[in-house]
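The following pair of complexes shares a single chain, chain A, combined with chain B in the former and chain C in the latter.
Right after this comes the complex of A and B.
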């Protein structure tokens, strides 16, 4: 086991250096059939590139439709005067990324040979582009010169790297290199104005307004500076930081960031401070102190059976509150109902912290933090938004796509794990229920589930209860993807060896302790690569919400932009852009998953 | 679990834990509670739905299946269906058509791309990689819309569109030559069945000869030759099998004379017999050498489930759906009547026909004539989408399967002196197929489900028709049930077919 899962530290064998002519002879013209294949497919490739370039660069293409509508595609109708919130959100993510890169100290190094290869292939690509694209002779010459310069630079790098012997000289760290690459991209914004056009009176005007909503080069420069600045600063003080705590803190921030950034930063809730002082703060204090006291007592090692009974009573009470709310038997704040369920769950895991005073205090502190965060979030979600909107929601375009994908993944993960545990459990009824659910969901297409939740779900709700379109979509999508996720987790669960269960039983762990501390960590570790694959699938299939009528990036490119009077029927450009965006995200995720798979040691068996 | 398995010294008598710590009690209480909660939730939701529907004056049920929905479909076997059921049937046929064509072409393209990715030739290898990486990372829906918009921007249909009446393309879709089943096909098929038996006999004989003498007798070629001879003779003299139709007619008459009650009792008897037989076999398999069977919770649950299942089946046969038996009688009688027609006398044409596409101008506008195989715009967009997208995944499956064959197997084949083609056919492919089959079946399932995206380009598949019919009649719930049943049936069919091959391919162990 340890051999299989240990991270590979050894280097790969160095590739044999071959001269280009040798390489060409071996890979392209080794024998007669190979030569014929090379010629046929080479000609085919050239024709295909020519066709694609002709399509993309043809005079009929109206790329200004995409450039003008970039803001619509990314954030739809987010109010222009509040647009700084969008940039603030992005900035927060940049700071978090910079912090994480520094704290986890990305030690990856890229070999200079690889970089010189990339540079040379870019140069070659430019040369091919110049030869095949339908452009004027003078610009063709310019592209050829640029390509030749890149090839020459790449060759120079290659020669230098060949003569170096020590590792530090013929590799460079990945993180600064990618920062440099991003920096070049941002710099190019100052030269080529992509995506901040306005289309007025049939003419394209760059940089019309100076508002943050209209311009992109300044905000993106700030984003880049934030990323690099945070990384450098954190690296400076990294030695003096408690690394373990910093990592835990960052993981927490990453998990919280979707909720905080979406419901508080982007949505801008209008807090009712009178209500907060009179109701919310006392409630939170009550739950922290009384609930904390109860938990402190429940975690006493000498307590025995009463603790368990109390926890179960609390759980029954917590669930009953929801049933009562559904029928309207007695009024209770939603926040209180959620807090009771949380309290019951905390009471159930309390025996795991039954130890000395210090451990129990830690447990109670965790409870206090949980209550503070959840109460704050619930208050923020329930406060009305101050944004002035035209549509039903402030999310739209790519932001809606990301929102649905991230929320679905976050919510379906616990549900999927529960379903997988149910399906592999020894309890027959639970197993039949879980199996039936998983198989019947997996048997039908996603689009029918989405139709069900957007059209039919309102029929099942009690009178007077409504569900927002977006909430219905996310609910349906979560229930759908949980079934698929459960199958991935089940694969992991089945790979945990019998002996692990028996060992856990032998040291006297309860069933929940065995599942939580022994089985699940091993099972989830094995199922990480398929889970990333599942995440890619969820992200890609988010595009289906366009059919239901949500304004995601696909619907805007397919239906909204072609309906504008300036760009009537201009559809292919937008769809190509959407394909490229989806491709970039999905491709980088799949590359990451491949690397992860290598590290976890799967595929080596 | 750990609470009950504690080992006590034998002189102390066993003390049961309190009932709320007794693992068996807690386990079953929890399960019964969960089941009750699920049943309660379903009951509550359905009663809510009933109230809401009656408040909106919408009746539930499936009566809309026999009412004219008043819709036009873009294409299919019947573009102006007379009843809701007929409309959904047209949608199902369209879905099955799309899925079947998609599976066929995606498999072929995927196989070639997968082999290309293993090629030594750099250009072929890279082209394969680019194909796979690009297509599988772009959502299928985006691809379908993109292909649809590209096709919609082709030129208008004219008499000289396309390539010399072999392939015609325009913004009305594509049209290609087609081969179709003609009048005499079914009688010719009878000939071919006889031919298949003869070919099998020839194969067995030649391979026995090969085993006895060691000479190369080419059993495959021999049997194929027999089959070809039968096919050619049958092409000309197939009408002599006209009497087969009379047999089917006789069976059809016989079935329609069976009384309903007899079938009901027969079906119930079958249900009871199957359940009883299963329980008996199960109990026998669980019997210990000591005699009586030791049953775990799981086993008891299975036995109860089998018994309850038989009860439910009988309840359904007699009370829930009393029309079932007459439906079975009528439809099987109808089926044999259709067969009587197909095999009957007076069919003189050849078994197959072929035709090239053409453009006709019946009124003001040109359109595709009936002679070619015409793909409408929507069909073409979805077809290219699912074929290319699934081919990218199938290519990865194929590549993985071939890479999974241990290198030693190839080396062993080489050291036995096998030729490269023989090694590929008899050593590598059989082993690779074993790995390829299960994920390939999964891809077929995905493809079938993905045909539902046809709604985005307005192709009349089951989901699109169902959505229209549901909105027209307000019976979205019933339509959803039909969707679910149809797709589950498709999934089941494909998994059964894949499993069949999987079992055939399995290594026979001692």
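Right after this comes the complex of A and C.
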């Protein structure tokens, strides 16, 4: 018997690799109807491509409008003398990316065949371009030759890969490949004459036939060097690093980075040190020591029921402060209100750390870090900015789009999960509150909520407290998107089997442990596709912030550039660029979600 | 193995007195009284829908009874959360459908509760889990996920997961009913080892061989009532109740 199976379990047969021409024959021209379809669609596609190329390359197009305003489109009126802050922000993100790639040791490998396919497709694309684009005969010939060379190169690669059997020759690691690709792009800034277009002291400068300005190519080169450098350096010392801690640390940095980079680096708060010493530091200390003391007591293993009651009392008090703020019963710093809610939430999870002194001290340390970071951020948000602004917000253009989307997603995700849990919980009050919240938000258009937060909310705030425009936008948008995320998560929660709850109960997990370790992980896996759909929606709908006066990339392309005297009425170029940018980001998100689904093995069980 | 006389000296681990349980208007347990002593192995038999699952699920409060008292290891089961948590860490349960956590590896399935309920250090919990996996005969599968294991292996992981909490009582609700025939034995063998090791066990099963060989006593239930209680010898050779005889004639 066992001999039989050992004979049968040989090596899995290699997938038969087909040459490109075979592939085309089998997939596109396999039978007569298929051939007819291929031809019809082929003609259709070619017409469409010709139309687009005609639009893009038409003599009427003024692409220099886009080139000149690139900085405006990306970062709007960010003060030129402080622009280094924008590059610093990007640089930080590059360093984080490099660190993460090295720590998580991106082991992905690209098959050479795939690359050869890409090269061949690019060559084919160039050939089609040469055939259809309205260009002179000589440059047409140039493009045809380039396309033919690429196709030949791709075929050559494919032939080589076909005969290689070992994995290492078959594939190349993805990370260095991507670095190389990005490197070529950066290099092209130094050698290809893209031309130099800018407004210098209000004068339009347009120099064709030279490479882009130093203020563009130098920073991008630095970014590339930062990315690759961090990656290589980290890889050198990777062996001697405590990997688990490094990973936790990096996740924390990633989560914090949008807040810190936005409110500290980009906004450059003008701290009022007198106030900080007299009020902010004592407050933080109070919450760290008194709050920490309370939490330390609450995590005592022997405490039992009193702990739960204290936590619930704290929660009621925390929520009551907000109700009081709404009606203006008594003044209280916003920071204090937020801290009380945080304290209540920490008190609720305290029993999970009920163990020896060391565990409890760890818990209290976590609390201290949370208070330090949140108080620092709130102070920063509430301090005026040093920037001399030209518009209502210090961010604009694509950076506004990105920051609003990222902050909204980061904040609304936990809120949405909490709402979904509340809506499905067995506590009637939580259920009614969460259901009411979700349903009422979903009944109101986003624009209304954004109007409310930018115009009406400031009226409710206690005297002397202002909320920066961007914070108002993000708050309103977060509350809106959390309601939708909550519904997606709820769908996932419903898919978790009853037996999972019972098994978790039977091994003695508490309700919060059951939720955190068993129910949520499974529910979130199922919710990945709708959650990513929602995330893409959040990203695209940031364009609505234009309605309350902020300048996002769409508004700049649609209203600002066409109003410049040099480019009066030049709108289509900018809009096409904006569509392409939106598409690239949304498409990458959707691709990433597919990979994520594969990674967590969705649909495998 | 253990005689009636020996049992009387042992402490009572589970005491049910006049327990009633309704699902809406339907009464699933009717005036059920039973006592299980320390180290005793009791097999619960009965036709489908007779309330066997309901009874053992009441014992670790997966279901709440409405009348009567249930005392487990000296603690009465009420709505008091602390008692329930205490009981659940003392009573292990194995389900018909395994109910392993599909998103956690085998080792994580087994170490989760010791780490978070017993607050055991990670290394100690993992060492313990490895011993348990060794005991149930699958030490080499620790890093796999439940979906990659056969049914019999999954059920043995489920037993290891329950044992990791070092329970004083184990409840089994038809542990072999969802298994292919060739896998039933490997699970029953693990249960037999447990019984010989002195674990207090309450087992709902249709495996008559197991009942005959391992059980100290057999409880026979029908329509929510306990019809007859006795040693396997008494039960399989000269049962007193007509309903028991009818049941045995149908399955033997």
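In this text, the second predicted complex is superposed on the first by the 487 of 605 C-alpha atoms of A that agree within 3 Å, B and C clash if a C-alpha of one lies under 4 Å from a C-alpha of the other, contacts with A are read in each partner's own complex, and residues count from 1 in each chain.
Rule of thumb we're sticking to: a residue touches a chain if its C-beta (ideal position, glycine included) is under 8 Å from a C-beta of that chain, and two chains touch if they have at least 3 such contacts.
The shown structure was predicted, so the numbers you read here are calculated from the model rather than taken from an experiment.
Participant: Taking the superposition as given, does A:140 touch the first partner, chain B, the second, chain C, both, or neither?
Facilitator: neither
Participant: On the A-aligned overlay, A:305 touches which partner chain: chain B = first, chain C = second, or both, or neither?
Facilitator: In the superposition, A:305 contacts both chain B and chain C.
Participant: Which of the two partners, first being chain B and second being chain C, lies in contact with A:247: first, second, both, or neither?
Facilitator: Touch partners of A:247: none, neither chain B nor chain C.
Participant: Mind working out whether A:337 is in touch with chain B, chain C, both or neither, as first, second, both or neither?
Facilitator: A:337 sits against neither chain B nor chain C.
Participant: Who contacts more of chain A, chain B or chain C?
Facilitator: Touching more of chain A: B.
Participant: Could you tell me if A:427 is touching chain B, chain C, both of them or neither one (first, second, both, neither)?
Facilitator: Touch status of A:427: first partner only.
Participant: Mind working out whether A:544 is in touch with chain B, chain C, both or neither, as first, second, both or neither?
Facilitator: first
Participant: Taking the superposition as given, does A:445 touch the first partner, chain B, the second, chain C, both, or neither?
Facilitator: first
Participant: Of the partners chain B and chain C, which touch A:499 in the superposed model: first, second, both, neither?
Facilitator: Only chain C is touched by A:499; chain B is not.
Participant: Once the shared chain is lined up, is A:571 touching chain B (first), chain C (second), both, or neither of them?
Facilitator: A:571 sits against chain B, while chain C stays out of touch.
Participant: Could you pull out which residues of chain A sit against chain B in one structure and against chain C in the other?
Facilitator: In the superposed arrangement, which is not itself an observed complex, chain A uses residues 305, 505, 508-510 for both chain B and chain C.
Participant: Inside the complex, what are the residues of chain A that reach chain B?
Facilitator: That would be residues 27-28, 30, 34, 37-38, 41-42, 44-45, 305, 309, 426-430, 432-433, 440, 442-448, 451-452, 455-456, 458-463, 505, 508-511, 536, 540-544, 546-547, 554, 558, 571-572, 575-576, 578-579, 582-583, 586-587, 590 of chain A.
Participant: With touch defined as at the start, can you tell me which chain A residues reach chain C in the complex?
Facilitator: That would be residues 304-305, 308, 352, 354-356, 359, 497, 499-500, 502-510, 513, 517-518, 521-522, 525, 600-601, 604-605 of chain A.
Participant: Mind pulling up the chain B residues that touch chain A in the complex?
Facilitator: For chain B paired with chain A, touching residues are 1-2, 5, 18, 20-21, 27, 30-32, 34-35, 38, 45-46, 48-49, 51-53, 55, 119-124, 127, 133-134, 137-143, 145-146, 149-150, 153, 297-298, 301-302, 305, 449-450, 452-453, 455-456, 463, 467, 470, 476-477, 480, 483-484, 487-488, 491-492.
Participant: Once bound in the complex, which stretches of chain C touch chain A?
Facilitator: 60, 62, 81-82, 85, 88-89, 91-93, 95, 97, 99-103, 112-113, 116-117, 119, 145, 147, 158, 161-162, 165
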